[in-house]
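Two complexes, one shared chain (chain A), two partners (chain B, chain C).
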Partner chain A sequence: MAQGWGLGALINLDHYGHYIHWGVIQVSVGNFIVMVLMVASFLAALFAPFPGRRNRKGAK
Partner chain B sequence: MTKKPFRPDVDAPVYKGPYVPYDIIKEGAIAVLVVFILTAALALVFSSPDEKAVTIKTWSNADAVDFAQTAGDELAGTSAVANYGAPYNNNGTSQHWGFLSPEKWIGVRIQINTTNDFVIDPLSAQPAQPALSAALSQWKSASSATQTAWDDAFNKAEPNLTYSNGKVNIPTKAAGPIPVLLNYETQMARSGALDQALVTQAGFYTTNFTKPLLFVSDGTYFAGLAEKQHLSGSQWGMMNETGQYPGQAWLWLYTFWYQIHPYSTSASADFLVWGTMMILTALMVLVPFIPGLRSIPRKIKIYRIIWREHYAAKL
Partner chain C sequence: MSTDIERQWTSRIRHSVVDKLPPDKLLPDTQPAYVASWIYVFGVTTMAALGVIILTGIILALDGPQWWHSSTLGHFVNSMHLWSVEIFFFAMVVHLWGKFSMAAWRGGRSLTWVTGAVTFMASILAGFTGYVSQTNFDSQWIATQAKDGINSTGGGAFFNVLNLGQMLMLHIVLLPIAAVALTGIHVVMVRMKGVVPPFEDATTEVSA
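The block that comes next holds the complex of A and B.
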């Protein structure tokens, strides 16, 4: 953290984390959020239309 | 010449559909710009983990009893590192999977004698002090049977060891010079001199922290900090970061094996997990050559969702 520069995190995450327990599975909330974003990105890549599709109609 | 039959997972069909212009440089430039903006914004908002390094000095000042107990174990040769085996010594059973035992094959590459490396040598390098010099002489001139008897007496008294008024108190009179040695060792640790001594033993460049790290790992203080931060092996710690930061989520499969039998109870868990991951990695790399496995993408047809416009036009 760049405290020497007078800058710090706007949101401080240097506290003990929160964890989700489900049987043998333990996952931190931070990791869970990243996983959800990864799955959402994958689904978006599958289902979101390609940008500029309208311009390509009829292209050969 | 006879025409070879078309093999769907190996041969690529000739593409007969339409073509469109596509600027991959533009897409790459946009992707780099988006990632740069995201990185800068996330760094500004969340910064990065700022956990202070744990040294022998911080450990011995935070928990002098745990430090002195661990130093006693190092002196007696009963600590985890003292009995780990290769690559540090020949005292333990190497991790293995059947006859496979790379640790044993490679042998002792980083010789660690915890008695001398962690206690006797650093104390011997201290400026001469009568009580310390006498205790060191007593230890060095004693037979191994006598040292073992002192160690046994220390081990019995170890659970009742206390620290008060700057002194380590070991409630036994049968431990020979061990109480004096551990008092000086603890003083040295609390001043930071032991960190320096263990690093400078490694050579001219003071970048080799193997010895202080191994010493710290033998205590319960460091493991306790790791438990609080969910960083230990049984807590999926490999994929966690300190604080509330997201960690290495992609290591989920690596750390998953440590949670289940037989990995979770095996003394060779590290090697078993590594071996399992190597087999799975080989399967992934060799997917194009494994019949059945290589057909999965074609059969589950996810590609038809991505290229739905193309396949819709073919209907």
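The block that comes next holds the complex of A and C.
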């Protein structure tokens, strides 16, 4: 497969997928990472301070 | 004379639209203080990703499958299309969790919630028809696996995942129109009703 220089994946993805098995639950490692990142983003969005919040004079 | 003009359907529609959505509500200069939170960023991230999806989709449609399979630039635009879809769903799901945790349907905003939910479902269909329209072994595998599930519901008579023409037309015409139109309605409804306040501020809100 043609690869543009410098544009190849940082992680070699040219292999069979890895899966996590937990009882009846089976999820690919890639999808699991995305799920963890979504939960982490949600929690960070709730608790991380928003820049300039105290100085928003225009806000009602 | 003026009363005749006032009774025209154009006048009545204009007055109705301006009453429900005056220009300062459509494009407000400020937002309530509680909007200064990262949780409110994911809705606009979803829309930004949708913009990139539409733009890269137009380029892919102009140049066609042979181009996106065989040229370096085609691979790049195809990858942009894929990764903007990944960001689109990622941000939309976090947006959904955020709005669910705020009970964002409060204060007469039930239709805003419903249009968001329907947009989510239309987007899933758009994503699925995209996967089966790639014209590669991956799309063939997905289509042949999905056909059994869809046929078991009886839906295969109307939605044939092995019919590339039908899937491609759905993916590049009908579902993008639905997704963009529903997103537009969703945003207009957010403008009309305003951003849902936190629970502690909701007692002062007048339900519209």
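We adopt the following convention: the second predicted complex is superposed on the first by the 49 of 60 C-alpha atoms of A that agree within 3 Å, B and C clash if a C-alpha of one lies under 4 Å from a C-alpha of the other, contacts with A are read in each partner's own complex, and residues count from 1 in each chain.
Following the convention adopted for this analysis, a contact is a pair of C-beta atoms (placed from the backbone, for glycine too) under 8 Å apart; a residue touches a chain by one contact, two chains touch by 3 or more.
Quick caveat: nothing in here was measured; it's all calculated off a predicted structure.
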- prompt: Can A:46 be said to touch chain B (first), chain C (second), both, or neither?
  reply: both
Query: If you stack the two complexes on chain A, which partner ends up touching A:26: first (chain B), second (chain C), both, or neither?
result: first
Message: Applying the document's definition of touching, compare chain B and chain C: which contacts more of chain A?
response: B
Message: I'd like to know which partner A:17 touches here: chain B for first, chain C for second, both or neither.
response: first
Query: Is A:34 touching the first partner chain B, the second partner chain C, both, or neither of them?
result: both
Chain B/chain C common contact set on chain A: 2, 34, 38, 45-46, 50, 53, 56, 59-60
Interfacial residue positions of chain A with respect to chain C in the complex: 2, 4, 7, 34, 37-38, 41-42, 44-46, 48, 50, 52-53, 56, 58-60
Message: Touching residues of chain C toward chain A in the complex: what are they?
response: 29-33, 35-39, 41-42, 70, 72, 75-76, 86, 90, 93-94, 97-98
- request: In the complex, go through chain B and note every residue touching chain A.
  value: 18-21, 44-51, 228-230, 235-236, 239-247, 249, 259-260, 302, 305-306, 309
- request: Would you pull the chain A residues touching chain B in the complex into a rising list?
  value: 1-2, 8-19, 24-31, 33-35, 38, 45-47, 50, 53, 56, 59-60
